[in-house]
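Below, chain A partners chain B and then partners chain C, in two separate complexes.
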Partner chain A sequence: MSARAGLLVVEDLTVTLPTTRGPVDVVKGVSFTVDRDDTLGIVGESGSGKSMTSLAIMGLLPRGATATGSVRLDGEELLGRPDRELRRIRGDGISMVFQDPLSSLNPYYTVGLQIEEAYRAHRGGSRKAARAVAVEALTQVGIADAERRAGHYPHQFSGGQRQRVMIATALVCSPSLLIADEPTTALDVTVQAQILRLLAGLQERTGTGMLFITHDLAVVSSLARRILVMREGDPVEYGEAERIFSDPHHPYTRALLESVPRIDDDAEVWL
Partner chain B sequence: MSASSGEPLLSARELTKTFTSRGPGGVLGRRVAFTAVDRVSFDIRAGETLAVVGESGSGKSTTARMAAKLMEPTGGSLEFAGEDVTRAEGPALARFRKDVQVVFQDPYSSLNPRHTVERILMAPLDYQGIAPKGGRRALTKELMERVGLDPDHSQRYPAQFSGGQAQRIGIARALAVGPRLVICDEAVSALDMSVRAQVLDLLRRLQRESGFAYLFIAHDLAVVRRIAHRVAVMSGGRIVEAGPCERVFADPRDPYTRTLLAAIPRINPAWDRARRARADRASDPSQEAPHG
Partner chain C sequence: MIRYLIGRLAGVVLILFAVCLFTYLIFFQLSPDPAVMICGKTCTEERIGAIREALGLDRPFLSQFGAFLGGIFAGRDYGSGATLVHCPAPCLGYSFQTDESVWSMITARLPVSATLAVGAAVLWLLVGVAAGLLSAVRQGTWWDRGAMALALGGISVPNYVLALVLQYVLVVKLEWLPFPSDVAFSDDPARWFQSYLMPWMVLAAGYACLYARLTRTQVIETLSENFLRTARAKGLSRPLVLRRHALRPALTPVTTLFGMDFAGLLGGALITETVFGLGGIGKLAADSIAKNDQPVIMAVTLLAAFFVVVGNVVVDLVYTALDPRVRIR
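Showing the complex of A and B:
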């Protein structure tokens, strides 16, 4: 297979959820590609199907949901794989960072132990070796005094630091693809800026492909090379970031861009 | 309507809120005091919008709650229309509630799910013991029309509305008693981008029509830029900078304000300019080919 085949190739992905009023397609024939060292931004409002798309890729759809089409990582088909094999791929091949770090971390275990477990689940090895990897991972995401901090519990970290811990956990097995689902939405704007810089820096160092899911066009504008706009399960517009932002073709993309409040000098003044 | 000068409508002087809790050591521990709001002063004039911005823990929501008299200040004073309302109770508090209304962040949790829109919108009048002029149904329909809701839906329940529509119900409820000040506590934060823009436009239009003032609490400077006449930036329980909206955005003087402004994610300005130029060309009729 050629090197430019794409790290993650999604073709005609359709996700169907059972409801009391019969099956409903929440993702309708979505196709896109993420390369190594590349970021794709999926942008949409609530109910657009952007999170269902990422859960389908991870094989984490809710019970009863079905996914059709094709999701290939490094040429390997993921849809229809048994859970046992998907567990191996999750964490090792694909990792995920969610919006709310507090609900993703176990409050009863130290963050060091949680990162160690993520590592040993895929790579095995001794506790001691895993601890060294965990401390290194925490250092990589900018947690100061990582050796001591590895022994602390999630509640002893601020919101931004917790998200750094989640990113360390996600990256500890050097996955080829990182899915970040609204990773900065719950954070203050100054902390958000730090986390975005961290993600961009880590990608530069490791070459991880990234799928960045957000409702915020401004957040994704600095990060993504390509953009997919979704609405009510439909892929609305897909293309290079510069083209989408400077020459949006679809009326919905235009409306979304219109709704971003401007903050710089030429913003319209109202009095 | 432009901001009028003269006497302030609401005047906060050195408002302070201190919370105490048990420190390390549980119930046997020493009491530890935490000052959430530290001597905060501001004025809001009739018809103007003052935005208070800050990050989590800045004290902005505590400030809003004290200004709305939903929380007692530990120190300082609050005046409304020249009257000291810091410790107002009974009829004086009832008068204050008629003049000052609040719109909350989460429209669903601030609307009773078992009540119809009509009952929700009439509740403030019921509490005030005011008979709606023209009858309940007529006033409900009028309020729904003003906020852009279908008046035929007055007998529906909150769950039957989208998030943006539910927030419009919250806004209509605040308008029911004809307030002079509306306090919006993160009133658009929970809404989708496109819906947020519509609700902000609605808030501006209502102010133009009715001339009330807003105290607008937000963490999002881009939203503030769109609605405020004046801005106060809070950090660590204090106002670190305050001034006209234009000035604070164009020439921030406090280092924290600068950090906050620099952290706002922006769409690449060149791309944005190109898009707007394209949109202007498309909407300019002189550029279109003549018909026929």
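Showing the complex of A and C:
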């Protein structure tokens, strides 16, 4: 299969959540494609359904939620597969980096162990061998003195370092697709830039396809080749990033673009 | 670590000293004159005076308290001349009722309370934690609702009611168990086990219900943690996710509570021991309070305080071992 046929093909994905007032569609007929070595940005405000889309791809929807449509990874349908089979794909075929690295890491275990277990879940082998892989992964994401740091607990790392640990965990099995769900939102602005550079660099080296989810158009502008804009579960606009920035078709996209603060804005004094 | 331990132990000593002081003040200074109580109905002023002197009750408060404390560490003498009685360390005095050494009364009864506490603890941990875990994993099912309703009911049933019901059903009606009696393990292990089974069940029931509900809440809370989603996103198997990522965070608070509950029980299970007529610390406390036997009340209070305070330190140390975020400096 050629790369252009799409690494991840999502067609007409609809996610329904049960509520006390009956089922509600939180994602309504979303379609997109991510290629190898390619980044798709999904942009929308909170509640737009972008995180539900990523959880549906991973098969990690909350209890009671249902997904219809089609999600294919390398031509293989993922929707409706039993959890046991999806488990083999999670962390191996598709990995995920979450928004808040502190709460996403288990405070009770060393980061080394948390990377090791991701590796051993798919590749097996001894703990010692997995530790070597984990140390290498930490080095790859720019953690200095990785061998010693692998023995440290999450609370002994800074916010940016924790997200590096999460990225190392996600990439330890060399997945073909990486889903980054607001990976920089919880971080300081300077650290955000470092993480974005790290992700772009790693993608260049490994050729991993990336689904980058954010509420911030400015963040995605430097990374994504294509962009999907979502609002209240609806796909609002989908196309090449350049085109969307220069000629947004939908009024909502225009509003989003205008909400991005620019350095050349007329300074208004609110004092 | 060593500095921390020394600090904590100093705290333990200080708290126990304060407990001693207040208990002594309440039971020897503010309650009816012990000498009058010992003297009985046909009593003369001289006799009361003699008893007061023999017990050292005629001395000022601090001197009396000092003698009491000194007795614990070095032993002490009561009376003088021909009536002199030496009480070896650790001396907690003599019972006003039976003239028995309080220390030997305590040491004779502690094994009963300890047996009761250990057996009940094993039972309630097994049943309570297991039921809570199952309920959490099967949240919202009939099992969950049934178990939690039962647990809520169980918490509301008083010990003595449950004891009477169990005795009626298991001993009188079904004749499955003998009526509990003080049988030493070394004499007849099978009979010992049968004797303790019902007291264990009664003592454990309330705790088991409480622990089931607590465990369920803790596990459910942990299951919604972000790091659990991460664990699943890594492709870990469900048993591994539960065992490694959910259990340890969920059970750490349960451990803390357990330490405190268990320590409290070592100081005697008053109701259970009394209902089943087991001669433990709790029964001793109840009897001595009824008879205003001050040296015994004093000793029982101190013992309970000792277990609670030491239990607290142990719990803190265990917590630092369980949760890497809590580290002693």
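Operating definition for what follows: the second predicted complex is superposed on the first by the 260 of 271 C-alpha atoms of A that agree within 3 Å, B and C clash if a C-alpha of one lies under 4 Å from a C-alpha of the other, contacts with A are read in each partner's own complex, and residues count from 1 in each chain.
Definition applied: a contact is a pair of C-beta atoms (placed from the backbone, for glycine too) under 8 Å apart; a residue touches a chain by one contact, two chains touch by 3 or more.
Just so you know, these numbers come straight off a predicted model, no measurement behind them.
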Touched partner set for A:A121, first chain B, second chain C, both or neither: second
Which superposed partner A:N106 touches (first chain B, second chain C, both, neither): second
Which superposed partner A:Q163 touches (first chain B, second chain C, both, neither): neither
Chain B versus chain C, judged by how many residues of chain A each one touches: B
Touched partner set for A:T33, first chain B, second chain C, both or neither: neither
A:S95 touches, of chain B and chain C: first, second, both or neither? second
Footprint overlap on chain A, comparing chain B with chain C: none
In the complex, chain B residues that touch chain A: 2-3, 55-56, 163, 192-197, 200, 204, 219-223, 225-227, 229, 246, 249-250, 259-272, 274-275, 278-279
Complex contacts: residues of chain C adjacent to chain A: 225-227, 229-238, 240, 244-245, 248-249, 322-325
Residues on chain A engaged by chain B in the complex (per definition of touch): 45-46, 159, 188-193, 196, 215-219, 221-222, 241-242, 245-248, 254-265, 267, 269-271
Contacting residues of chain A [partner chain C, same complex]: 58, 60, 83, 87-92, 95-96, 98, 100, 103-109, 117-118, 121-122, 153, 155, 166, 169
